[in-house]
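What follows is a pair of complexes built around subunit A, which joins subunit B in one and subunit C in the other.
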Partner chain A sequence: TSVQTDWRVNVLIIVLTEMRDKLRKWREDNHRNSEQIVDVGEELINEHASKLGDDIWIIYEQVMIAALDCSRDDLAWTCLQELKRQFPGSQRVKRLAGMRLEALEKYEDASKQYDSILQDDPTNTAARKRKISILKAQGKSAEAIRELNEYLEQFVGDQEAWHELSELYINEHDYGKAAFCLEELMMTNPHNHLYCEQYAEVKYTQGGLENLELSRKYFAQALKLNNRNMRALFGLYMSASHIAASPKVNATVKKANVKYATWATNQINRAYQVSYARCLL
Partner chain B sequence: MAEPELLLDSNIRLWVVLPIVFITFLVGVIRHYVSILLQSDKKLTLEQVSDSQVLIRSRILRENGKYIPKQSFLMRKFYFNNQEDGFFKNTKRKVVPPSPMTDPSMLTDMMKGNVTNVLPMILIGGWINWTFSGFVTTKVPFPLTLRFKPMLQQGIELLSLDASWVSSASWYFLNVFGLRSMYSLILGQDNGADQSRIMQEQMSGAAMAMPADTNKAFKAEWEALELTDHQWALENIEEELMSRELDLDGMFSKELPTGIF
Partner chain C sequence: MSSSLPWPLSMHLLMLRPKRNGRWWRRSLWRSVERVMGEVELSCLAYVKMYLHACLFPRCSVNGLLLSSSPAGGAVCVTDCVPLLHTHLPLAPITQLALTQVDVWCAQTQQRIVGYYQANACVSDSSPTPCALKIADKIAEQCNNAVLLMIDGGKMSPDYRVPPIVMYERKDTRWTLKDKHTIMLRQWEETRDIASQLLDSGDHSLLVDFDSHLDDITRDWTNQKLNAKIAELVSPANALPPGGGTVSIVTFTWSSSTARGRQQNINSMSINHMLLENSQEWRNWLRDPT
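Presenting the complex of A and B:
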C-alpha cells in the first residue's frame, strides 16, 4: 500500500505543477481567458493552497481579477480577504479592492479608493488608469479622453495608455488624433506589424489622396514586417486600387498603383491556394 | 635567466587557497542579503518620473522618427525645440544639487554603502593577512616588476623572490573581484555583493550628481534633436516589398508563431 500512495502523491504533484505552470504562462502572456483561470485557480486555491508556498499570493491576485471578469464575487471576495490579511496597507491590494467595487458598479466608492491610493503615492499609475476606466465604463468618453490626455502629459512613456487613447479617439471618429497616438506606438515598437496596420487603416478611413498614399505605404510596411498579415495585404490592394481609380492622379502614379494592386492580387491568390492545399491535406 | 620553479606544499592549496575562496564567496552572499535589508526606499517625485519619460520619448523620436511620416516627425520636433515655446527651451527645473551635507538621506545612504562594502573588505583583508601570513600562496601567470613586491608580498621577507609569487592577501583581493561573475550567476543581476560595480558607482556618482541636472539633460536632448533629420524608412517600401514573393509558409497553421513584437 505504501507503493500505491507514493504513486498517487507523485501524480498529484505532477498535476499541481502543471496547473501552476499553466497559470504562470497565462499570467506572463497576459491572457484574458478568465473562465479557464477561474477553473484552474479555484481548484488550486481550495484544494492545494498549502503546497503552493509563496506562489499563492500572486495566484490569488490573478484568480481574483479573473473572478471579477466572470462575476464570481464570492471567489473574488475570498481572494481579497486572504491578500488583505497577508499584506495589510498594501497599495496593490487596495487597487484590487477598488477593482472589485468597479465590478459591482459602485463607481463612487471605487473612485474614493483610488483617490486614497493617490494621496499616499501621487506617482501611482495603476490607480490613475483605473479612474479613467471608470469613466469609460460609465460611458463618459469625452471626460475619459480628457483625463487620459492629462495622464499622458505626465507619463508620456505609457504605451498601454497611448493605445487606449487611440481606441477612444477612433470611437469618437477623431482619426487625426488617433493617428497621432498610433505614431507614438509605432516609434516605440518599430517592429510591431499590428501597429503599422492599424495606423494604415486609420489613414485609409481618413481618406483623401495623401492619406491613401500613406496608408498604402504603411500596409506595405506591415506586410514587410510580417509576410502573412492578410489584412494588410487586402489593405494594400484596396488603397492602391483606390488611388489608381482616383481622377486626380497623373498617369505615372496611376500606372504604379495599378502595378501594386496587381501584385497584391497575385499574392492574395497565392494565399488562397495555400489554404486550399491545407484543406486537402 | 631561467626562473626557479618553486614547488609549494599542497597543504597550502587545501588549507589556504580554498578557504579564502569560500570565505570571500560567503561574505559576498552575506553582504548581498544585508544590503537588501538595509535598503531604503527611494521615493521619486512625479516631476522626476515625468521628466525621465520625456527624455526617453525624445530619444525614441531621434532614433525611430524615421518610421513615422515626415510631417509627424517635424510636428514633434517643433514641439520640443521651438524657439518660443518648445518644451526643452522653456522648461526650467529647480536644481538642488544633493550634496551630502544638505541632504540627510544621501548621507545615510553613503554611510550604509560604506559599512556594507568597504568596512568588511578591510576587516577581512586584514584578518586574512594576519592569519595566513608568512608564506607564499600562489603565482600570478604574468611577470610583475619589483615595484609590486611590497604590495603583493606582505609578510614575506625575501628579497630574491620573484614578484609573481604573491601572498594570501593578494589572493583574497583577486577573489573579491573575480567572484563577481559568480555572484551574477547565483544572485542574479544587480546584486548587493558586486563590489566593483559599487566602487564604480561611487566614483561616477560624483560625476553624475543625480537627476539634479535635468536642465543639462534637457539641453543635451535639445541639441541632439536639432541635429536630427528625417530619413523616411518607407520611401521605397513598395519596391522593397514587391521585389520578391511573399513568404506564406505556415500561414494557416493552428499554432501562431510569435513574431517579433
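Presenting the complex of A and C:
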C-alpha cells in the first residue's frame, strides 16, 4: 500500500542523509579512516547515485582517494572514469590520476603527470605537494626535505606543510629544525595544545638543561590549554624531575621543580583514579 | 619427543622428509644441545599481538617491547609483547615513560624485557632505524641475550609460508642478523591462522598500545582482554597428539586448523562482525522490501 511504501522511502532517505553527513564530516576533519570511507562511499555510489545530486562528484573524489589507500584499484578506476567524463581536462582530476599512478608505484609517470599540471599552472600547490610525497614514498627524505623547504619559502602560510616538514625532520633526528617548524605552527595556532606538547617533546629529546626547562614550560602551557592532555602531564613530571635531579641547578630551582613534579604526580594519580571509577561504573 | 619441540624457522623452508629413525634421533639430539646457545623462541601470543599492532596502524611506524616470563639464562623464550607507539617513535619522553611503566609492570608480574620490535611505515625498508638501535642497546644493558626484531611489511600477506620477521642479536656492540636456524616458532600455521582470523573479524581494533592508552587512559595497555581471546583460540584441546612424526605433524596441523578454523569462525565472531551483518541485512531489505 502507498502508506507502507512512503514510510520505507522516508527511512531510506534518512539512512542516505546519515551516510552523506558521515562522509562530509570525515572530509572536513580530514580523517584517514579509508576503510570506513570505502565501505560507506561504495554503497552510496553503487546503489544511490541518482539521489545524491551534485554531491556525487565530491564523494567520487573522496572515495577514490580512500580506495587508493586501501588498494582497491577497481573502485578507484571507476571513480576516476566518472570524474574524467564529467570534468574533462580538469587539473583536479589530473591530480587524482597522478595519485592513482603513485598508488601503483609508477612514480616516473606520476611525476610527469604532475609536471604537466605545473606547466599549465605553476602555482598549483597540490601537484607540488604530491611530488614531494613521491620523494617521501621512495625513501629520499633529504630531497623531500629540500623540496618542502623551497615550497614553504613560497607558501609560508601552509600549516599542513610545516607540520609535514617537522615530521620529516623528527624522523631524521634533526630536532633543532623540527623545533623551528613547530615554533612556526605555534605562532599561527597559539591555542592548539598539540603543537605545544609536540614542541615540548622535541625540546626534551634535544636534551640539556636549557632545553629541559623550555620543555617543562611548554608542557605546562599545553596543560593550560587542555588540562586533560596526559602526555603533557607526564612530560611535565619527567622534565621537572630531570631538572631537579641535575647537579647543575641551585637549591631554589631544585625546590621549585620538585614542587612541580609532586603536583604533576598528584594530578596523574587523580586522573587514573577517576578513570578506574569510570571503568567500574 | 619430536612433537613437543617447536619448529625452527629454517625447517619451514625445507621440504619435510619422512621419519628415518637413526637420522632423526641424531638431529633432535643436536637441536636440544643447540637450545642452550643463542636460541630464541617466539610464542603465539607475542607474534599475534605484534602482527595485529602492525595491521592496526598500517600507515605508521609502530614499535613495542618483547617480554619473557621464563628465568634468565639459556634460550630466550618470548612469551608476550607490549605494543608501545605508533607516532613520533624518535621522540624521547613517551618512550622513556613507557619503558619505565613496562619495567614496573614486569617486576610485578615476574616478567622481564628481553627485546624490542619495530615495523617501519615504508614497506620496502625493514632495516633497523637509529632509534630502534638506541632502544635495543638500552634493553641489552639489562638483558644479555636481547633481540631486535624488525617486521618485514612486504611479507605480511596471510598466505606467506614463513613468518615476516627479521631478527638481530648483539655481537660485540653491533647488531647483526641472527641465524634463522636459531629462531623457533611453535605451531606456525596455527599462529598464522589465528592472526588472520582476528584480523578478518575486526578484533585487531581491541589491541591497545601505549599511545592509545595516553589518548584514553581507561584503555588497558596490557591487553588482558585480547590476551584472553588469543588464549581461547590456542586452546590445549587443539594440541597435537604425542609421538606424531614429521609428515603426520604437517597433515594433522593442516586439517585440524581448517576444521577448527571454520568452527571458531562461527563461535567467536566478534560483536562488531555481527552488527555489521545485521546492518547489511537491514540495508538489503531497504533495497528490496518485498
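We take it that the second predicted complex is superposed on the first by the 281 of 281 C-alpha atoms of A that agree within 3 Å, B and C clash if a C-alpha of one lies under 4 Å from a C-alpha of the other, contacts with A are read in each partner's own complex, and residues count from 1 in each chain.
Keep this in mind: a residue touches a chain if its C-beta (ideal position, glycine included) is under 8 Å from a C-beta of that chain, and two chains touch if they have at least 3 such contacts.
Not measured: the values here are computed from a predicted model.
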Once subunit A from each complex is brought into register, does subunit C clash with subunit B or fit beside it?
fit
Using the superposition on chain A described above, determine whether A:32 touches subunit B (first), subunit C (second), both, or neither.
second
Looking at the overlay, does A:263 come into contact with subunit B only (first), subunit C only (second), both, or neither?
first
So in the superposed three-chain picture, is A:123 touching just subunit B, just subunit C, both, or none of them (first/second/both/neither)?
first
Determine, under the contact definition given at the top, whether A:85 touches first (subunit B), second (subunit C), both, or neither.
neither
What is the C-alpha-centre angle with subunit A at the apex and subunit B, subunit C at the ends, nearest 10 degrees?
170
According to the stated criteria, A:271 is in contact with first (subunit B), second (subunit C), both, or neither; which is it?
both
Contact-wise, after the overlay, does A:171 reach subunit B, subunit C, both or neither (first, second, both, neither)?
second
A:248 in the overlay: touching subunit B, subunit C, both, or neither? Say first, second, both or neither.
neither
In whole Å, subunit B and subunit C in the superposition are separated at their closest C-alpha atoms by 6
Taking the two structures together, which residues of subunit A meet both subunit B and subunit C?
271, 275, 278
Residues of subunit C touching subunit A in the complex:
59, 88, 90-94, 96-97, 122, 124-125, 130-131, 214-215, 217-218, 283, 286-287, 289
Which residues, counting only subunit A, touch subunit C once they are in their complex?
5, 8, 11-12, 15, 32, 43, 47, 69, 137, 139, 170-171, 173, 198, 200-202, 204-205, 207, 215, 230-231, 234-235, 238-239, 271-272, 275, 278-279
Show me the residue ranges of subunit B that touch subunit A in the complex, using the header's touch definition.
44-46, 49-50, 53-54, 56-57, 60-61, 64-65, 67-69, 72, 233-234, 237-238, 240-242, 245-248, 250-253, 259-261
Which subunit A residues qualify as touching subunit B in the complex?
122-123, 154-158, 180, 183-184, 186-194, 214, 216-218, 220-221, 223-228, 233, 256, 260, 263, 267, 270-271, 274-275, 278
